[in-house]
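Each remark here refers to the structure printed beneath this line.
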Amino acid sequence: MAIYNHKIQYYETDRMGITHHSNYIRIMEEARSDFLEQVGYSYECMEAEGLVSPVLSVVAHFKKSSTYGDTLQVETHMTEMTPIRFTISYVMTSGGSVVCTGESTHCFLDKEGRPVVLKKSCPQIYELFGRLIKEKY
Amino acid sequence: MAIYNHKIQYYETDRMGITHHSNYIRIMEEARSDFLEQVGYSYECMEAEGLVSPVLSVVAHFKKSSTYGDTLQVETHMTEMTPIRFTISYVMTSGGSVVCTGESTHCFLDKEGRPVVLKKSCPQIYELFGRLIKEKY
Amino acid sequence: MAIYNHKIQYYETDRMGITHHSNYIRIMEEARSDFLEQVGYSYECMEAEGLVSPVLSVVAHFKKSSTYGDTLQVETHMTEMTPIRFTISYVMTSGGSVVCTGESTHCFLDKEGRPVVLKKSCPQIYELFGRLIKEKY
Amino acid sequence: MAIYNHKIQYYETDRMGITHHSNYIRIMEEARSDFLEQVGYSYECMEAEGLVSPVLSVVAHFKKSSTYGDTLQVETHMTEMTPIRFTISYVMTSGGSVVCTGESTHCFLDKEGRPVVLKKSCPQIYELFGRLIKEKY
(Lines give C-alpha, C1' and ligand atoms only; values in the text may rest on other atoms or scores of the structure.)
Protein backbone atom coordinates (compact mmCIF):
# COMPACT_ATOMS: atom_id res chain seq x y z
CA MET A 1 0.00 0.00 0.00
CA ALA A 2 1.18 3.48 -0.89
CA ILE A 3 2.08 5.80 1.94
CA TYR A 4 0.53 9.27 1.92
CA ASN A 5 3.12 12.06 1.73
CA HIS A 6 2.53 15.53 3.12
CA LYS A 7 5.16 18.24 2.73
CA ILE A 8 4.95 20.75 5.59
CA GLN A 9 4.14 24.23 4.31
CA TYR A 10 5.35 27.54 5.73
CA TYR A 11 1.79 28.48 6.75
CA GLU A 12 1.58 25.29 8.83
CA THR A 13 4.38 26.41 11.16
CA ASP A 14 3.98 28.63 14.23
CA ARG A 15 6.29 30.99 16.07
CA MET A 16 7.84 28.12 18.03
CA GLY A 17 9.36 27.35 14.59
CA ILE A 18 7.54 24.02 14.26
CA THR A 19 4.40 22.60 12.65
CA HIS A 20 1.42 23.81 14.68
CA HIS A 21 -0.15 20.79 16.40
CA SER A 22 -3.64 21.46 14.98
CA ASN A 23 -2.33 20.80 11.48
CA TYR A 24 -1.67 17.15 12.27
CA ILE A 25 -5.44 16.71 12.66
CA ARG A 26 -5.82 18.10 9.12
CA ILE A 27 -3.05 15.87 7.80
CA MET A 28 -4.91 12.89 9.33
CA GLU A 29 -7.92 13.94 7.24
CA GLU A 30 -5.79 14.19 4.09
CA ALA A 31 -4.35 10.71 4.70
CA ARG A 32 -7.78 9.25 5.50
CA SER A 33 -9.24 10.71 2.34
CA ASP A 34 -6.36 9.30 0.29
CA PHE A 35 -6.67 5.91 2.04
CA LEU A 36 -10.42 5.64 1.37
CA GLU A 37 -9.85 6.62 -2.27
CA GLN A 38 -7.17 3.95 -2.62
CA VAL A 39 -9.33 1.18 -1.19
CA GLY A 40 -12.11 2.07 -3.62
CA TYR A 41 -14.25 4.27 -1.45
CA SER A 42 -14.38 8.02 -1.48
CA TYR A 43 -16.23 10.80 0.30
CA GLU A 44 -17.75 11.91 -3.02
CA CYS A 45 -19.48 8.54 -3.46
CA MET A 46 -20.65 8.61 0.14
CA GLU A 47 -22.12 12.06 -0.29
CA ALA A 48 -23.79 10.97 -3.52
CA GLU A 49 -25.61 8.33 -1.45
CA GLY A 50 -26.84 11.13 0.80
CA LEU A 51 -24.72 10.21 3.78
CA VAL A 52 -22.32 12.33 5.75
CA SER A 53 -19.60 10.91 7.93
CA PRO A 54 -18.78 13.27 10.78
CA VAL A 55 -15.81 12.81 13.05
CA LEU A 56 -16.81 11.62 16.54
CA SER A 57 -13.40 11.96 18.16
CA VAL A 58 -9.73 12.51 17.44
CA VAL A 59 -6.62 11.90 19.45
CA ALA A 60 -3.04 12.78 18.55
CA HIS A 61 0.26 12.17 20.32
CA PHE A 62 3.13 14.43 19.32
CA LYS A 63 6.43 12.58 19.60
CA LYS A 64 8.86 14.84 17.74
CA SER A 65 8.47 18.20 16.04
CA SER A 66 8.52 18.76 12.29
CA THR A 67 8.87 21.98 10.35
CA TYR A 68 8.72 23.72 6.98
CA GLY A 69 10.23 21.58 4.24
CA ASP A 70 9.90 18.25 6.08
CA THR A 71 7.90 15.55 4.34
CA LEU A 72 5.70 13.42 6.57
CA GLN A 73 4.97 9.86 5.52
CA VAL A 74 1.61 8.79 6.84
CA GLU A 75 0.62 5.14 7.27
CA THR A 76 -3.12 4.68 7.67
CA HIS A 77 -5.00 1.64 8.98
CA MET A 78 -8.60 0.82 9.72
CA THR A 79 -8.43 -0.59 13.22
CA GLU A 80 -11.94 -1.00 14.60
CA MET A 81 -15.53 -1.26 13.40
CA THR A 82 -18.86 -1.62 15.15
CA PRO A 83 -22.28 -1.63 13.42
CA ILE A 84 -22.35 2.18 13.61
CA ARG A 85 -18.82 3.50 13.92
CA PHE A 86 -15.30 2.88 12.69
CA THR A 87 -11.82 3.92 13.79
CA ILE A 88 -8.81 4.77 11.65
CA SER A 89 -5.29 5.10 13.02
CA TYR A 90 -2.30 6.99 11.69
CA VAL A 91 1.47 6.88 12.12
CA MET A 92 3.42 9.84 10.72
CA THR A 93 7.17 9.60 10.29
CA SER A 94 9.83 11.95 8.96
CA GLY A 95 13.38 10.83 8.25
CA GLY A 96 12.64 7.49 9.90
CA SER A 97 11.46 8.94 13.23
CA VAL A 98 7.87 8.91 14.43
CA VAL A 99 6.56 12.47 14.55
CA CYS A 100 2.92 11.88 15.42
CA THR A 101 0.48 9.04 16.02
CA GLY A 102 -3.25 9.48 16.03
CA GLU A 103 -6.69 7.99 15.75
CA SER A 104 -10.07 9.21 14.54
CA THR A 105 -13.51 7.69 15.03
CA HIS A 106 -16.37 8.27 12.60
CA CYS A 107 -19.99 7.31 12.04
CA PHE A 108 -22.45 7.66 9.17
CA LEU A 109 -25.51 9.86 9.34
CA ASP A 110 -28.38 10.13 6.87
CA LYS A 111 -29.75 13.43 5.55
CA GLU A 112 -31.87 13.86 8.68
CA GLY A 113 -28.83 13.41 10.92
CA ARG A 114 -29.85 9.95 12.12
CA PRO A 115 -27.13 7.31 12.64
CA VAL A 116 -27.00 4.73 9.88
CA VAL A 117 -26.45 1.03 10.64
CA LEU A 118 -23.85 0.40 7.99
CA LYS A 119 -24.40 -3.36 7.70
CA LYS A 120 -28.02 -2.75 6.76
CA SER A 121 -27.93 0.48 4.72
CA CYS A 122 -24.64 0.05 2.89
CA PRO A 123 -23.60 -3.61 3.07
CA GLN A 124 -20.88 -3.13 0.45
CA ILE A 125 -19.12 -0.46 2.57
CA TYR A 126 -19.57 -2.56 5.67
CA GLU A 127 -17.90 -5.51 3.94
CA LEU A 128 -15.10 -3.34 2.56
CA PHE A 129 -14.33 -1.93 6.01
CA GLY A 130 -14.52 -5.39 7.60
CA ARG A 131 -12.06 -6.72 5.02
CA LEU A 132 -9.66 -3.80 5.69
CA ILE A 133 -9.56 -4.63 9.38
CA LYS A 134 -8.90 -8.33 8.79
CA GLU A 135 -6.26 -7.72 6.15
CA LYS A 136 -4.57 -5.02 8.23
CA TYR A 137 -4.50 -3.06 4.97
CA MET B 1 -19.55 52.72 14.81
CA ALA B 2 -17.92 49.99 16.84
CA ILE B 3 -14.53 48.79 15.69
CA TYR B 4 -14.03 45.03 15.30
CA ASN B 5 -11.31 43.63 17.56
CA HIS B 6 -9.33 40.54 16.72
CA LYS B 7 -6.73 39.16 19.15
CA ILE B 8 -3.97 37.33 17.29
CA GLN B 9 -3.81 33.69 18.31
CA TYR B 10 -0.73 31.50 18.57
CA TYR B 11 -1.94 29.31 15.69
CA GLU B 12 -2.07 32.39 13.46
CA THR B 13 1.69 32.98 13.72
CA ASP B 14 4.34 31.37 11.53
CA ARG B 15 7.99 30.56 12.04
CA MET B 16 9.01 34.09 11.08
CA GLY B 17 7.43 34.85 14.50
CA ILE B 18 4.65 36.99 13.02
CA THR B 19 1.00 36.64 11.99
CA HIS B 20 0.92 34.63 8.74
CA HIS B 21 -0.26 36.94 5.95
CA SER B 22 -3.10 34.61 4.87
CA ASN B 23 -4.80 35.17 8.22
CA TYR B 24 -5.43 38.85 7.46
CA ILE B 25 -7.76 37.69 4.67
CA ARG B 26 -9.68 35.69 7.30
CA ILE B 27 -9.72 38.64 9.70
CA MET B 28 -11.18 40.74 6.87
CA GLU B 29 -14.01 38.18 6.66
CA GLU B 30 -14.57 38.34 10.43
CA ALA B 31 -14.73 42.15 10.32
CA ARG B 32 -17.03 42.10 7.27
CA SER B 33 -19.38 39.65 8.94
CA ASP B 34 -19.45 41.79 12.08
CA PHE B 35 -19.97 44.98 10.03
CA LEU B 36 -22.90 43.50 8.06
CA GLU B 37 -24.45 42.26 11.32
CA GLN B 38 -24.12 45.72 12.85
CA VAL B 39 -25.76 47.49 9.93
CA GLY B 40 -28.69 45.10 10.09
CA TYR B 41 -27.71 42.58 7.47
CA SER B 42 -26.21 39.20 8.05
CA TYR B 43 -25.05 36.25 6.01
CA GLU B 44 -27.67 34.05 7.71
CA CYS B 45 -30.49 36.22 6.36
CA MET B 46 -28.91 36.28 2.92
CA GLU B 47 -28.65 32.50 2.86
CA ALA B 48 -32.26 32.21 4.02
CA GLU B 49 -33.22 34.12 0.87
CA GLY B 50 -31.37 31.49 -1.14
CA LEU B 51 -28.51 33.74 -2.16
CA VAL B 52 -24.80 33.21 -1.73
CA SER B 53 -22.28 36.00 -1.84
CA PRO B 54 -18.92 34.72 -3.06
CA VAL B 55 -15.76 36.77 -2.93
CA LEU B 56 -14.67 38.01 -6.38
CA SER B 57 -11.31 39.43 -5.36
CA VAL B 58 -9.22 40.37 -2.36
CA VAL B 59 -6.19 42.57 -1.97
CA ALA B 60 -4.12 43.18 1.15
CA HIS B 61 -1.15 45.42 1.85
CA PHE B 62 1.00 44.48 4.82
CA LYS B 63 2.50 47.57 6.42
CA LYS B 64 3.81 46.29 9.73
CA SER B 65 3.90 42.86 11.31
CA SER B 66 1.77 41.75 14.24
CA THR B 67 2.12 38.71 16.44
CA TYR B 68 0.60 36.54 19.17
CA GLY B 69 -1.11 38.62 21.83
CA ASP B 70 -1.56 41.76 19.69
CA THR B 71 -5.10 43.00 19.26
CA LEU B 72 -5.98 44.33 15.82
CA GLN B 73 -8.63 47.00 15.56
CA VAL B 74 -10.39 46.75 12.23
CA GLU B 75 -12.28 49.63 10.65
CA THR B 76 -14.62 48.52 7.87
CA HIS B 77 -16.26 50.64 5.19
CA MET B 78 -18.43 49.95 2.18
CA THR B 79 -16.67 51.87 -0.56
CA GLU B 80 -18.19 50.95 -3.92
CA MET B 81 -21.36 49.45 -5.37
CA THR B 82 -22.51 48.64 -8.89
CA PRO B 83 -25.80 46.91 -9.76
CA ILE B 84 -24.10 43.52 -9.33
CA ARG B 85 -21.08 43.92 -7.07
CA PHE B 86 -19.90 45.76 -3.98
CA THR B 87 -16.55 46.52 -2.41
CA ILE B 88 -15.64 46.67 1.26
CA SER B 89 -12.38 48.11 2.55
CA TYR B 90 -10.53 47.50 5.79
CA VAL B 91 -7.89 49.27 7.87
CA MET B 92 -6.28 47.24 10.67
CA THR B 93 -4.28 48.98 13.34
CA SER B 94 -2.45 47.81 16.45
CA GLY B 95 -1.13 50.19 19.08
CA GLY B 96 -1.96 53.11 16.81
CA SER B 97 0.06 51.88 13.81
CA VAL B 98 -1.47 50.59 10.60
CA VAL B 99 -0.72 46.87 10.26
CA CYS B 100 -2.73 45.98 7.15
CA THR B 101 -5.10 47.60 4.67
CA GLY B 102 -7.28 45.60 2.35
CA GLU B 103 -10.29 45.40 0.10
CA SER B 104 -12.69 42.67 -0.96
CA THR B 105 -15.22 42.64 -3.80
CA HIS B 106 -18.35 40.50 -3.71
CA CYS B 107 -21.42 39.71 -5.78
CA PHE B 108 -24.68 37.88 -5.15
CA LEU B 109 -25.57 34.64 -6.89
CA ASP B 110 -28.87 32.77 -6.83
CA LYS B 111 -29.18 29.03 -6.17
CA GLU B 112 -28.36 28.26 -9.81
CA GLY B 113 -25.16 30.32 -9.59
CA ARG B 114 -26.50 33.17 -11.74
CA PRO B 115 -25.55 36.78 -10.82
CA VAL B 116 -28.35 38.64 -9.10
CA VAL B 117 -29.09 42.29 -9.95
CA LEU B 118 -29.41 43.51 -6.40
CA LYS B 119 -31.56 46.56 -7.16
CA LYS B 120 -34.19 44.32 -8.70
CA SER B 121 -34.06 41.15 -6.57
CA CYS B 122 -33.33 42.63 -3.16
CA PRO B 123 -34.12 46.37 -3.23
CA GLN B 124 -33.87 46.65 0.55
CA ILE B 125 -30.26 45.38 0.55
CA TYR B 126 -29.44 47.59 -2.41
CA GLU B 127 -30.73 50.62 -0.53
CA LEU B 128 -28.92 49.66 2.67
CA PHE B 129 -25.62 49.32 0.83
CA GLY B 130 -26.19 52.58 -1.06
CA ARG B 131 -26.83 54.38 2.21
CA LEU B 132 -23.67 52.92 3.75
CA ILE B 133 -21.57 54.32 0.91
CA LYS B 134 -23.09 57.80 1.15
CA GLU B 135 -22.85 57.93 4.94
CA LYS B 136 -19.29 56.58 4.91
CA TYR B 137 -20.51 54.35 7.73
CA MET C 1 -14.07 32.58 36.56
CA ALA C 2 -14.88 34.09 33.21
CA ILE C 3 -15.80 31.70 30.43
CA TYR C 4 -13.96 32.09 27.10
CA ASN C 5 -16.28 32.88 24.20
CA HIS C 6 -15.50 31.98 20.61
CA LYS C 7 -17.84 32.98 17.80
CA ILE C 8 -17.61 30.51 14.92
CA GLN C 9 -16.40 32.20 11.74
CA TYR C 10 -17.41 31.38 8.16
CA TYR C 11 -13.88 30.20 7.35
CA GLU C 12 -14.12 27.68 10.19
CA THR C 13 -16.97 25.79 8.52
CA ASP C 14 -16.62 23.05 5.91
CA ARG C 15 -18.84 21.79 3.13
CA MET C 16 -20.78 19.58 5.54
CA GLY C 17 -22.10 22.98 6.71
CA ILE C 18 -20.56 22.66 10.18
CA THR C 19 -17.45 23.78 12.06
CA HIS C 20 -14.54 21.69 10.79
CA HIS C 21 -13.38 19.42 13.63
CA SER C 22 -9.74 20.59 13.43
CA ASN C 23 -10.82 24.06 14.52
CA TYR C 24 -11.88 22.83 17.96
CA ILE C 25 -8.20 22.04 18.61
CA ARG C 26 -7.44 25.69 17.80
CA ILE C 27 -10.27 26.92 19.99
CA MET C 28 -8.81 24.82 22.83
CA GLU C 29 -5.57 26.76 22.34
CA GLU C 30 -7.43 30.10 22.42
CA ALA C 31 -9.21 29.12 25.64
CA ARG C 32 -5.99 27.82 27.22
CA SER C 33 -4.16 31.02 26.37
CA ASP C 34 -7.01 33.08 27.84
CA PHE C 35 -7.13 30.85 30.95
CA LEU C 36 -3.38 31.15 31.59
CA GLU C 37 -3.58 34.92 31.14
CA GLN C 38 -6.45 35.11 33.64
CA VAL C 39 -4.65 33.10 36.30
CA GLY C 40 -1.64 35.38 35.99
CA TYR C 41 0.53 33.39 33.63
CA SER C 42 0.98 33.95 29.96
CA TYR C 43 2.90 32.44 27.07
CA GLU C 44 4.77 35.74 26.61
CA CYS C 45 6.21 35.54 30.10
CA MET C 46 7.11 31.88 29.59
CA GLU C 47 8.91 32.69 26.36
CA ALA C 48 10.70 35.58 28.08
CA GLU C 49 12.13 33.00 30.48
CA GLY C 50 13.43 31.09 27.46
CA LEU C 51 11.03 28.19 27.80
CA VAL C 52 8.67 26.75 25.22
CA SER C 53 5.69 24.65 26.09
CA PRO C 54 4.88 22.25 23.28
CA VAL C 55 1.72 20.18 23.16
CA LEU C 56 2.36 16.50 23.89
CA SER C 57 -1.12 15.23 23.05
CA VAL C 58 -4.67 16.35 22.34
CA VAL C 59 -7.96 14.55 22.40
CA ALA C 60 -11.37 15.88 21.41
CA HIS C 61 -14.84 14.35 21.50
CA PHE C 62 -17.41 15.92 19.21
CA LYS C 63 -20.88 15.65 20.73
CA LYS C 64 -22.94 18.02 18.60
CA SER C 65 -22.14 20.14 15.57
CA SER C 66 -21.85 23.92 15.59
CA THR C 67 -21.76 26.33 12.67
CA TYR C 68 -21.21 29.89 11.48
CA GLY C 69 -22.69 32.42 13.90
CA ASP C 70 -22.81 30.10 16.93
CA THR C 71 -20.93 31.25 20.00
CA LEU C 72 -19.10 28.55 21.93
CA GLN C 73 -18.61 29.02 25.65
CA VAL C 74 -15.46 27.27 26.76
CA GLU C 75 -14.83 26.20 30.35
CA THR C 76 -11.18 25.43 31.04
CA HIS C 77 -9.68 23.54 33.97
CA MET C 78 -6.24 22.36 34.94
CA THR C 79 -6.81 18.72 35.78
CA GLU C 80 -3.45 16.99 36.24
CA MET C 81 0.18 17.82 36.94
CA THR C 82 3.35 15.77 37.30
CA PRO C 83 6.86 17.20 37.81
CA ILE C 84 7.26 17.54 34.03
CA ARG C 85 3.82 17.72 32.43
CA PHE C 86 0.37 19.16 32.97
CA THR C 87 -3.08 18.53 31.52
CA ILE C 88 -5.82 21.02 30.77
CA SER C 89 -9.40 20.02 29.97
CA TYR C 90 -12.10 21.88 28.09
CA VAL C 91 -15.89 21.76 27.84
CA MET C 92 -17.46 23.74 24.99
CA THR C 93 -21.17 24.46 25.01
CA SER C 94 -23.50 26.35 22.70
CA GLY C 95 -27.06 27.21 23.66
CA GLY C 96 -26.74 25.02 26.76
CA SER C 97 -25.71 21.85 24.89
CA VAL C 98 -22.25 20.35 25.03
CA VAL C 99 -20.63 20.63 21.59
CA CYS C 100 -17.13 19.36 22.32
CA THR C 101 -15.02 18.14 25.23
CA GLY C 102 -11.27 17.87 25.05
CA GLU C 103 -7.97 17.63 26.81
CA SER C 104 -4.41 18.70 26.05
CA THR C 105 -1.16 17.70 27.74
CA HIS C 106 1.91 19.93 27.75
CA CYS C 107 5.46 20.03 29.04
CA PHE C 108 8.14 22.70 29.32
CA LEU C 109 11.38 22.58 27.35
CA ASP C 110 14.41 24.82 27.67
CA LYS C 111 16.16 26.48 24.71
CA GLU C 112 18.08 23.29 23.97
CA GLY C 113 14.86 21.28 23.83
CA ARG C 114 15.46 19.49 27.14
CA PRO C 115 12.51 18.82 29.47
CA VAL C 116 12.35 21.18 32.41
CA VAL C 117 11.43 19.95 35.90
CA LEU C 118 9.00 22.69 36.75
CA LYS C 119 9.24 22.40 40.53
CA LYS C 120 12.97 23.08 40.34
CA SER C 121 13.28 25.57 37.45
CA CYS C 122 10.13 27.60 37.94
CA PRO C 123 8.78 26.97 41.44
CA GLN C 124 6.29 29.87 41.14
CA ILE C 125 4.64 28.33 38.06
CA TYR C 126 4.66 24.92 39.70
CA GLU C 127 2.87 26.34 42.72
CA LEU C 128 0.39 28.27 40.61
CA PHE C 129 -0.52 25.13 38.63
CA GLY C 130 -0.75 23.06 41.79
CA ARG C 131 -3.13 25.59 43.32
CA LEU C 132 -5.29 25.59 40.18
CA ILE C 133 -5.73 21.83 40.42
CA LYS C 134 -6.68 21.94 44.10
CA GLU C 135 -9.06 24.85 43.68
CA LYS C 136 -10.67 23.35 40.58
CA TYR C 137 -10.34 26.85 39.14
CA MET D 1 8.85 23.88 -16.10
CA ALA D 2 6.80 21.63 -13.88
CA ILE D 3 3.43 22.92 -12.78
CA TYR D 4 2.64 22.79 -9.06
CA ASN D 5 -0.35 20.61 -8.23
CA HIS D 6 -2.54 21.15 -5.20
CA LYS D 7 -5.41 18.79 -4.41
CA ILE D 8 -8.18 20.59 -2.54
CA GLN D 9 -8.72 19.07 0.90
CA TYR D 10 -12.00 18.78 2.79
CA TYR D 11 -10.79 21.20 5.47
CA GLU D 12 -10.19 23.82 2.77
CA THR D 13 -13.89 24.00 1.86
CA ASP D 14 -16.51 26.15 3.58
CA ARG D 15 -20.25 25.85 4.04
CA MET D 16 -20.88 27.39 0.62
CA GLY D 17 -19.52 24.00 -0.55
CA ILE D 18 -16.45 25.52 -2.20
CA THR D 19 -12.78 26.18 -1.42
CA HIS D 20 -12.63 29.07 1.05
CA HIS D 21 -11.04 32.05 -0.70
CA SER D 22 -8.34 32.53 1.97
CA ASN D 23 -6.86 29.17 1.05
CA TYR D 24 -5.84 30.39 -2.41
CA ILE D 25 -3.42 32.77 -0.66
CA ARG D 26 -1.90 29.71 1.05
CA ILE D 27 -1.77 27.78 -2.22
CA MET D 28 0.09 30.74 -3.75
CA GLU D 29 2.68 30.32 -0.98
CA GLU D 30 2.96 26.58 -1.67
CA ALA D 31 3.47 27.22 -5.39
CA ARG D 32 5.99 30.02 -4.72
CA SER D 33 7.97 27.79 -2.38
CA ASP D 34 7.99 25.00 -4.97
CA PHE D 35 8.95 27.45 -7.74
CA LEU D 36 11.87 28.90 -5.76
CA GLU D 37 13.06 25.39 -4.92
CA GLN D 38 12.93 24.42 -8.59
CA VAL D 39 14.94 27.41 -9.76
CA GLY D 40 17.63 26.62 -7.21
CA TYR D 41 16.65 28.92 -4.40
CA SER D 42 14.83 28.00 -1.26
CA TYR D 43 13.56 29.66 1.89
CA GLU D 44 15.85 27.45 3.98
CA CYS D 45 18.93 28.84 2.25
CA MET D 46 17.60 32.38 2.59
CA GLU D 47 17.01 31.89 6.30
CA ALA D 48 20.49 30.40 6.68
CA GLU D 49 21.84 33.70 5.35
CA GLY D 50 19.91 35.44 8.12
CA LEU D 51 17.35 37.06 5.84
CA VAL D 52 13.60 36.88 6.01
CA SER D 53 11.36 37.63 3.08
CA PRO D 54 8.00 38.93 4.27
CA VAL D 55 5.04 39.39 1.99
CA LEU D 56 4.34 43.07 1.24
CA SER D 57 1.05 42.57 -0.58
CA VAL D 58 -1.18 39.94 -2.14
CA VAL D 59 -4.02 40.15 -4.60
CA ALA D 60 -6.27 37.34 -5.83
CA HIS D 61 -9.07 37.25 -8.38
CA PHE D 62 -11.52 34.38 -8.06
CA LYS D 63 -12.86 33.39 -11.48
CA LYS D 64 -14.53 30.05 -10.82
CA SER D 65 -15.05 28.00 -7.69
CA SER D 66 -13.26 24.77 -6.87
CA THR D 67 -14.04 22.17 -4.23
CA TYR D 68 -12.93 19.04 -2.38
CA GLY D 69 -11.26 16.56 -4.71
CA ASP D 70 -10.37 19.09 -7.44
CA THR D 71 -6.72 19.39 -8.34
CA LEU D 72 -5.46 22.89 -9.06
CA GLN D 73 -2.56 23.30 -11.45
CA VAL D 74 -0.58 26.39 -10.56
CA GLU D 75 1.67 28.20 -13.03
CA THR D 76 4.11 30.56 -11.31
CA HIS D 77 6.15 33.38 -12.87
CA MET D 78 8.47 36.04 -11.56
CA THR D 79 7.11 39.19 -13.16
CA GLU D 80 8.79 42.23 -11.64
CA MET D 81 11.90 43.17 -9.71
CA THR D 82 13.30 46.39 -8.28
CA PRO D 83 16.45 46.70 -6.16
CA ILE D 84 14.42 45.93 -3.03
CA ARG D 85 11.29 44.03 -3.99
CA PHE D 86 10.04 41.38 -6.38
CA THR D 87 6.64 40.23 -7.61
CA ILE D 88 5.48 36.71 -8.41
CA SER D 89 2.27 35.95 -10.29
CA TYR D 90 0.11 32.83 -10.30
CA VAL D 91 -2.50 31.28 -12.57
CA MET D 92 -4.49 28.37 -11.10
CA THR D 93 -6.54 26.16 -13.39
CA SER D 94 -8.70 23.10 -12.84
CA GLY D 95 -9.98 20.97 -15.70
CA GLY D 96 -8.73 23.58 -18.17
CA SER D 97 -10.61 26.52 -16.65
CA VAL D 98 -8.96 29.35 -14.77
CA VAL D 99 -10.03 29.21 -11.12
CA CYS D 100 -7.86 31.97 -9.63
CA THR D 101 -5.17 34.44 -10.64
CA GLY D 102 -3.02 36.24 -8.15
CA GLU D 103 0.13 38.16 -7.40
CA SER D 104 2.36 38.59 -4.36
CA THR D 105 5.09 41.16 -3.70
CA HIS D 106 8.00 40.49 -1.36
CA CYS D 107 11.13 42.12 -0.04
CA PHE D 108 14.15 40.95 1.93
CA LEU D 109 14.88 42.09 5.45
CA ASP D 110 17.99 41.46 7.55
CA LYS D 111 17.91 40.24 11.15
CA GLU D 112 17.29 43.77 12.41
CA GLY D 113 14.30 44.16 10.10
CA ARG D 114 16.04 46.56 7.71
CA PRO D 115 15.38 46.27 3.96
CA VAL D 116 18.18 44.60 2.05
CA VAL D 117 19.31 45.89 -1.34
CA LEU D 118 19.47 42.56 -3.07
CA LYS D 119 21.93 43.56 -5.79
CA LYS D 120 24.48 44.51 -3.15
CA SER D 121 23.87 41.96 -0.37
CA CYS D 122 23.03 38.89 -2.38
CA PRO D 123 24.16 39.45 -5.99
CA GLN D 124 23.64 35.78 -6.86
CA ILE D 125 19.95 35.91 -5.90
CA TYR D 126 19.55 39.24 -7.68
CA GLU D 127 20.97 37.70 -10.87
CA LEU D 128 18.83 34.58 -10.55
CA PHE D 129 15.66 36.64 -10.18
CA GLY D 130 16.67 38.93 -13.05
CA ARG D 131 17.22 35.91 -15.28
CA LEU D 132 13.82 34.46 -14.32
CA ILE D 133 12.08 37.66 -15.42
CA LYS D 134 13.89 37.78 -18.78
CA GLU D 135 13.36 34.11 -19.50
CA LYS D 136 9.72 34.22 -18.48
CA TYR D 137 10.48 31.00 -16.59
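We call the chains A, B, C and D, going by the order they appear; numbering starts again at 1 in every chain.
The criterion applied here is as follows: a residue touches a chain if its C-beta (ideal position, glycine included) is under 8 Å from a C-beta of that chain, and two chains touch if they have at least 3 such contacts.
Worth saying up front: this structure is predicted, and the values here are computed from it rather than measured.
> Centre-to-centre on C-alpha atoms, which chain is most distant from subunit B?
Taking each chain's C-alpha mean as its centre, the farthest from subunit B is A.
> Pick the pair with more C-beta contacts: C-D or A-C?
Of C-D and A-C, more C-beta pairs in contact link A-C.
> Please work out the Cα centroid separation of subunit A and subunit D, and write it as a whole number of Å.
29
> Please tell me the distance, in whole Å, between the geometric centres of subunit C and subunit D computed from their C-alpha atoms.
It comes to 34 Å between the two C-alpha centres.
> Where the centres are mean C-alpha positions, what is the separation of subunit A from subunit C, in Å?
24
> List, in ascending order, every residue of subunit B touching at least 2 other chains.
If we look for residues of subunit B contacting two or more partner chains, we find 10-11, 16, 18, 22, 26, 29, 68.
> Touching residues of subunit C toward subunit D in the complex: what are they?
The touching residues are 10-11, 13-18, 20, 22, 67-68.
> Of all residues in subunit D, which touch subunit A in the complex?
9-11, 26, 29-30, 33, 42-44, 68-69
> Give the list of subunit B residues in touch with subunit D in this complex.
Touching subunit D from subunit B are residues 16, 18, 21-23, 25-26, 29, 52, 54-62, 65.
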